[in-house]
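Note that chain A is present in both complexes that follow, paired respectively with chain B and with chain C.
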Partner chain A sequence: MSFELFKKLSWVLILLFLVSLPYLRVNIYNLHVYTLICIYIIISIGLNIIFGHTGQISLGHAAFYAIGAYTSALLTAKLGFPFVLAFFCAGIVSLIIGLGVGAATLKLEGAYLAMATIGFGEIVRMILIHWERMSGGPAGISKIPDPSFLGWQLHSAQSKYYLILFVTIVAFICYRNLMISNYGKKFTAVKENILAAQAMGIDTTRTKVIAFGISTLYAGLGGSLYAHLNCYIAPDAFPISESITLLLIVVLGGMGNILGPILGSIILIEIKESLRMLRDYNMLIYGFGLMALMIFAPKGFSGINIFRIFKRVFGKKI
Partner chain B sequence: MLIQVFQQIMSGFAIGSIYALVALAFSLTVKALNAINFATGDIFMLGSYFAITFLLFVKIPFWLAIPFTIAVVSLIGILFEKIAYKPLYRARLGRSEHHIILIISTIGTGIFLQNAAMLIWGPDALAFPPLFSKEPIKIIGMLLPVEYVWVIAIAIFFMVTLHFLLQNTKIGKGLRAAAQDRDTAALMGVNLSLADSLTFGLSAALGAVGGILIAPISFAHPTMGLSYGLKGFTAAVIGGLGSVRGAIVGGILLGILENLVTGFISSTYKDVVAFSILIILLLFKPSGLLLKPPQQKV
Partner chain C sequence: MIPLLKLEKLTKRFGGLVAVSDLEVEIRPGEILSLIGPNGAGKTTVFNMVTGFYEPDNGSILFDNQEICGLKPHLITKCGIARTFQNIRLFSDMTVLENMIVARQCRAKTKIAGAILRTSFAKQEEREDKERLLELLAFFKLQHNYELKASALAYGEQRRLEIARALATDPKLLLLDEPTAGMNLRESETIMELISSIVRKMEVTILLIEHNMNVVMGISDRIAVLDHGIKIGEGTSEQIQTNEAVIKAYLGDVAFKDVDH
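Up next, the complex of A and B:
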């Protein structure tokens, strides 16, 4: 059995496992957590594109997540748009705002960029809280319709899981193809050495803005799915700590690692769920863990390539 | 009308001097170690809470509570440097990676402090006992709350103390030398490890003073750090990050501007205005209003 075949086979097995998951664990709450993990995977793929691959930090991604969620919610709940159209509109609105913000802020570097994006995130949150006629204020928007697809109303937890799983897989394949394309190489060049990239004739500003745009597109699409998963959104769901969580997912999974967002989302969301038992101490330990992680394992799980490990362990004989 | 404008400017000056203290807290670590401490806002919050604790629960007079609070919070700042900063500085990492890791580590510490405060003092806002008479005093036709006058006086006192400490004492000279050129300073006999600890301690002390001063004006709550931290950073950027004079000017400018927006436009969007200023300034004049733009080296 060649290595390539093994690779394909393991993907098929993983896919089979994911599809049969609702039947293995019937607990509705767990299924909800898995669906949330899928949404986090989509958004953190976006963040990995700009932060992991292109090396530009963004601490305002929760704002784009919120923009996607609110766009989709307003279009379906107030204007009666069908779900599929609202889903793509959410992505496009987020993309357009992201291109604008990116074009403006990506001149900055490091901590300055971090602060500018935090500022943007706070501005969006303030607007969502105070512009009550549009956003419903602190109470948020309720009665968001369930997603519908070709005439099917998806309101059971299973059907939503399948829908979001499908979107996640498509999003991941697009991401992988983007990264092995010319553009992916350009992103890496900008991250590794911006001067060398310029010398090679790469328009670095444009590349950064495109990477930021794509990453906000992902965040907007994820936001739309989140709105229709819970059928209720409020500004509380998109605080700055959400941006930090996303950043942490990318660091944990390994910055610039294609499988990173998947690994990071699964690990971090499961950790957060298991810390939930500790109630008040939950965020305390989370904050401390963040600090300890940076001291002891500053590179997260990067460099862990499952296939390479298999290859090393089993040689080429499998 | 003119009186009203002046009144807004004066109360803006009071709030602004608090922002200036936070901005100084940011500037010190940036100047000395090129490190932006994202937990500065939360240290500010601790200042507020410790002041309330000393006044309400330990029941000591206000003038004693200030040095006690500063001492406790500075110790926390030094501990912070030992635990969360130094191990990172030692780790051999690339420059860009070091920045990102420092950002996440200090954010993690911020979350930790925030939630520790929530556990110790509860999630609800705590009010500061009224210290000064509610009767406003009259200066050239303007009515000013007595608190504001005190806030300005105490803030200026600490700024002058800091200036004296940095310019005229041996410790200050050592700190400035370490900020300018670490290696040469070490050769001249400056204890770098001590200098780093002192920088963080001083930065925490300034944050604590800000926290003490904001407590009588507004409530203390565990999540107040983010908003004041961002404002302080904005102030530091307005004046030029890393400059002591810039931080003071920037803080006062931001406070006055914010109060004018609150007084004449609307109070709901004052934070939006402040953060928009931050973004616009970062875009067009990231070196601040007072500093010359740095020469970029290849």
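Up next, the complex of A and C:
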């Protein structure tokens, strides 16, 4: 069997597995967790583009997640927009704000950029808490309609899983295509050596802003899906610790690695959920676990040997 | 003949220090012009001004009869000026070919949408670019290592890759900042041969900063000498070797006193 065939077969098998997942005696709670993992994959793909590939830290990504969620929630719950339209609007609003924030902050580097993005994240959270007439204040927005698609009302956990899985797959394919293309090499060049990148004719400011824009687009789309998955959102779903969780997913999954966001989201969210039963000890073990991972797998999960084979199968050009 | 690059009254100050003062240099198409001078003479500052990394305090830079003074570095590269760095600045965690691809991007026609959708045009362009870049690498004898990380190359190979990468941007003028720094005699000779064959085969004009006098005297058509930011001499290698001001700058007044006695 040739390697090419093996590659294609692996793709098909994985797809089959994902599609049949709801039928594999999975309870509703677990299915909800898998759906949440998909949303985390979408958002951490975005964060990996700006942080992992382009090397610009963002500690305010939960804010764009929130912007997407609130845009979509307000448009559907208050103005009666159909879900699909609200979904794309959420992405576009987040993208536009992202391009603005990016253009303003991406001249900063390292710790200063981290501070600026934290600041932005807190501003957004404060607006959501205090602008009660728009956002519903600390109580948030409830009665967000279920997603509807081509006339179907997606009410069950299963149908929502399929919708979000579909979006995740499309988001991943777009991301993968961009990163294996020659165009995508520009992002890495900016991270590797910004002076050399400029000397090679790359508009580094523009490249950073584009990367930031794409990452906020992904965050906004993920936010919209989150709002319609839970049908309820409130500001405390988007604290700074959420931005840090996203950053952890990217770092643990493998910075700048195409499969990093997927591995990072699956493992981190699964660990978090399965540690819930330990109650008070859960953060203790979670913390130690993270430390151990950074010591034993400094390049993230995708740097571990077992996962290299995955990279060979899915990461290269077909 | 119309000069390819014309520097007029070019001046750069850092605080109270005048790094380059009223510099006037012309580079003719197809020649190799060397810029020499003692350490701190302002040679690299000239490079940084021509390539847009520093903004001059005064003067103009005409490239192809076009004012490029004040343009951002990436726009100057698009105009057709490429450079290498004195201390190697490769994308060390990327492969040799990827380094070349990044440089080639400034001529690519595929936009971001084409890249995401992987249109047939984008794939076609990538295939053509790869073929071209491999040819260019072969010229620098790097074609067998194209899948290696740039950091895994030997020092001399890294220097060659810097030049190859600069050429991947399709420049008319190539600025080389000490391409033989830290090399032994044999390696320097290889680089010299490469430089002169670049000029012959690729229709590229070269502005060279170099400390190694064997290299400079061997391949330069003309030489300009800087000292403390001021041009103190210009001419062919024979003219420079007998220029008193130049000898003074390099050896000090002592050289002449010794001759007198």
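Just so we're on the same page, the second predicted complex is superposed on the first by the 285 of 318 C-alpha atoms of A that agree within 3 Å, B and C clash if a C-alpha of one lies under 4 Å from a C-alpha of the other, contacts with A are read in each partner's own complex, and residues count from 1 in each chain.
As a working rule, a contact is a pair of C-beta atoms (placed from the backbone, for glycine too) under 8 Å apart; a residue touches a chain by one contact, two chains touch by 3 or more.
Bear in mind the structure is a predicted one, so any value in this text is a computation, not a measurement.
Applying the stated contact rule after C-alpha superposition, one finds that A:181 touches chain C and leaves chain B untouched. Put chain B and chain C next to each other and count what each touches on chain A; the higher total goes to B. By the touch criterion stated above, A:16 is placed in contact with neither chain B nor chain C. Of the two partner chains, neither chain B nor chain C is touched by A:28.
Of the two partner chains, chain C is the only one touched by A:204; chain B is not. Of the two partner chains placed around the shared chain by superposition, neither chain B nor chain C is touched by A:84. When the two structures are aligned on the shared chain, A:195 is found in touch with chain B and with chain C. Of the two partner chains, neither chain B nor chain C is touched by A:139. Counting contacts by the rule stated earlier, residues 195 of chain A appear in both its interface with chain B and its interface with chain C. Only residues 36, 38, 83-84, 87-88, 91, 93, 96-97, 99-105, 107-116, 118-119, 226-227, 230, 233-234, 237, 268-269, 271-272, 275-276, 278-279, 282-283, 286, 298 of chain B touch chain A when the two sit together in their complex. Within the complex formed with chain C, the residues of chain A that make contact are 174, 177-178, 181-186, 188-189, 192-193, 195-204, 210. Against chain A, in their complex, chain C makes its touches with residues 51, 53, 72-74, 77-78, 82-83, 85, 89-94, 98, 101-108, 110-112, 114-118, 122, 125-126, 129, 165-166, 168-169. For chain A in complex with chain B, the touching residues are 55, 57, 104-105, 107-108, 110-112, 114-116, 118-120, 122-123, 126-127, 130, 195, 240-241, 244, 247-248, 251, 280-284, 286-291, 293-295, 298-299.
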